[in-house]
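Chain nomenclature is as follows: A, B and C, assigned in order of appearance, with residue numbering initiated at 1 for each chain independently.
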């Protein structure tokens, strides 16, 4: 690979066409980086008003629209409807101070909106852990089998098959969980809540398996052949080599796989929106419904009043998701992948 | 002891493979079995009627096709050029290269719902609103609202890493000798790229595009508030129209139709179409990539 | 590639051409089907007029009305003061509210549930978490599984304001993204309770609702909703920025006419007159 740069030493003469092309290629490549910056700026920008304390007060006078056409008979109106006026929900009245955001209640549409992020955060973590608990052992073992035990032919069959799972749209997995999995497991175990953290996590694991599998498999198969051969030559069996030589050598890769899988599960929206029951509870019971950060955005953004506190809080949740996945990626990228490379090059 | 331990390790790992493959097979079978009876030519070519309890998914398909088409037109060139940079121009030590590579990897990990928020905050609320301020009569909104264009651009950003990774792999597989030969004959670097490197990487570019289209056709979260419509009585006619979408249609059929029993067949058939599209595209991409890898090994 | 370019250019230019459409209607997803039927019938009789209908949600429709992207907004909830405030700032008008249909909100129970009637107060206590066992309302000794709609829906807001008297829903309520999702889970869950708009499904029943503990119980039929005997019903609204004139006035008058109101019944809502 070191020769590749030398080739271009033939190409020193300045040519304007090449200069332009070079400039265009460089500027276009900058787009990816610019987009990351823009996401950072614009998702935060919409969340920012929460932190500015100058909440503009809504005029207290009651604003009533004109009506048109004959007023339909009042007797058909609900008898309770005159209370509506006093109990207007939502609106800019609700403040989202730090205490509110750290409370344990998520009731954003209310006379006194409660924007407690704790139950949502707990919900996301809960579902993610369940997903990893199911996906990690399955996919690491499957990767081990594919990379170490399977014949070359079988390997070329298994790998693309499991990778195809990555191509399943999450809405399809959510649909499958909502209609089929949820009933199947409730009939099997007879628990109270049909949709719960377990079902959500199980469905989510289907989305995470191909990620953990692919990266782990790659890490396992890129363990230098000399290491494997040395182990076998010393009299170790294939499975001993797999478990005590190959797997440890690929640990950083497996870690990276788990971290990226965690990130994927944490940010996934459609699956959890459809399969978890969406009740904002703060509990550690795996068989109770949960509401996650991402599902909250997905469910509530469409009808929220733009510019409202509720709207800003949803963007704040988005910023949180972005920061968390960004950090996870950075860790996987810089620390673990770097170490993996170093170890194979013998620098560690 | 050692022998039985070995057996346990091997059979546990083999069982894991079997478990995963079984779930995939069952999912496919379940969708196919329940959806096949509703599937018909008429289902594909008519619009939903009777409050989406009857009829087909024609506008839904057209909406999805428009989305991935505009997405590809916007996203693939950027992806290919970025991949060109990474494989032909990048130097491992340069800060710029590190920035681009980091950005591509990070972009791949950003949750799709965050892309949706970004589309809303940046394209609609910022670009769209400012376009309207400049182009439209005061107070009127044209671009500052959810539309096909903004949803497609959002999706293009989401699928950018997919294109970049696939194309870069293909470009790296082009033998160095070809580049050297071209340069030795006096071609400039750009001429070499255009006439030698890119033509040899066509299948890779195709793979990247197909993978991106497959991904874009199935994602729902990014378009939830950037352009997908619950129901539209007409096909999208311009870039500023909203559109119906397969994935979103699955979501609303499964959760919001007033008659669950009547729509059951419709739901499964729509999921089946969505799966056929994404699955088919991925299958093609996997085969293309497999061929490519095989060719580059020889 | 060439055809792609042609299609694309055509799409860009058609923006200008189609901008000439006459009336645009936007808003509540609940009302999209109804609005679409109205538009179809009306356009059949008046071929000189084009009516474009889109959904997106009540909030989206109201924003569009405020921002000037739609002529008529469909809403399944009344405008909020903050929204009216914005409208006033922009147009110095509080908007015009037109009640066009009634929607009876149903409380669904599983068919196997022995409970058939509930008083408004019992419904309230169940949804605020004060009653948690079916035994307390004359049913089996089983935990009540509470389902409801997402807080972004007009149904949620209506139920909260009018049945719960503004109190917060119990946090154990599972929020479903749509009526169908609620119905689907109630069908599969013997101890479930849910609420939503009119729905048809085998396996669930509508709870008969009593205004007070000793008044008679009514089912959400057209007759009961219209007479007001069934206590949980809401209006569906159209909003315009100013008093409708010209073509728009003709259209809205037609919606309120016997012919327009007949469409309401066909779609599953109840006429206002």
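Convention: a contact is a pair of C-beta atoms (placed from the backbone, for glycine too) under 8 Å apart; a residue touches a chain by one contact, two chains touch by 3 or more.
It should be emphasised that the depicted structure is a prediction, and the values quoted were computed from it without experimental measurement.
Student: Looking at C-alpha means, what's the farthest chain from chain B?
Tutor: Most remote chain from chain B, centroid-wise, comes out as C.
Student: Per the definition at the top, count C-beta pairs in contact and tell me whether A-B or B-C has more.
Tutor: Ranking A-B and B-C by C-beta contacts puts A-B first.
Student: Using mean C-alpha positions as chain centres, tell me how far chain B is from chain C in Å, no decimals.
Tutor: 34
Student: Roughly how far is chain A from chain B, going centre to centre by Cα mean, in whole Å?
Tutor: Measuring from centre to centre gives 17 Å for this pair.
Student: Touching two or more other chains, which residues of chain A qualify?
Tutor: As it turns out, chain A has residues touching two or more other chains at 178-179, 274, 301-302, 306.
Student: Which positions in chain B touch two or more other chains at once?
Tutor: Only 251, 254-255 qualify.
Student: I need the residues of chain C touching at least two other chains; which ones are they?
Tutor: In chain C, the residues touching two or more other chains are 56, 60, 176-177, 181, 184.
Student: Within the complex, which stretch of chain B touches chain C?
Tutor: Residues 51-52, 69-70, 73, 139-142, 144-146, 229-234, 237-240, 242, 251-263.
Student: Show which residues of chain C lie in contact with chain A when the two form their complex.
Tutor: Residues of chain C touching chain A: 56-60, 62-63, 78-85, 88, 94-99, 102, 143, 145, 150-153, 156-157, 160-163, 165-166, 168-169, 171-177, 181, 184-185, 188-189, 191, 211, 225-228, 231-235, 239-240, 243-244, 252-253, 256, 272-273.
Student: Of all residues in chain B, which touch chain A in the complex?
Tutor: It is residues 2, 5-6, 9-10, 12-17, 19-21, 23-24, 27, 30-31, 77-78, 81-82, 84-86, 88-89, 91, 96, 99-100, 102-118, 120-122, 125-126, 157, 160-161, 164, 176, 179-180, 183-184, 188-190, 193, 214-215, 217-221, 224-225, 247-248, 250-251, 254-255, 267, 271, 274-275, 278-279, 281-283, 286, 290 of chain B that touch chain A.
Student: Give the list of chain A residues in touch with chain B in this complex.
Tutor: Residue list for chain A touching chain B: 3-5, 7-8, 10-11, 15, 17-18, 21-22, 24-26, 28-33, 35-36, 38-39, 42-43, 45-46, 137-139, 141-142, 144-146, 149-150, 156, 158, 160-176, 178-180, 206, 209, 213, 237-240, 242-243, 260, 263-264, 266-270, 274, 294, 297-298, 301-302, 306, 314-315, 318, 321-322, 325-326, 328-330, 333.
Student: For the complex, which residues does chain C have touching chain B?
Tutor: 4, 8, 11-12, 14-15, 18-19, 29, 32-33, 36, 39-40, 52-56, 60, 64, 67-69, 90, 176-181, 183-184, 187, 197-202, 267-268
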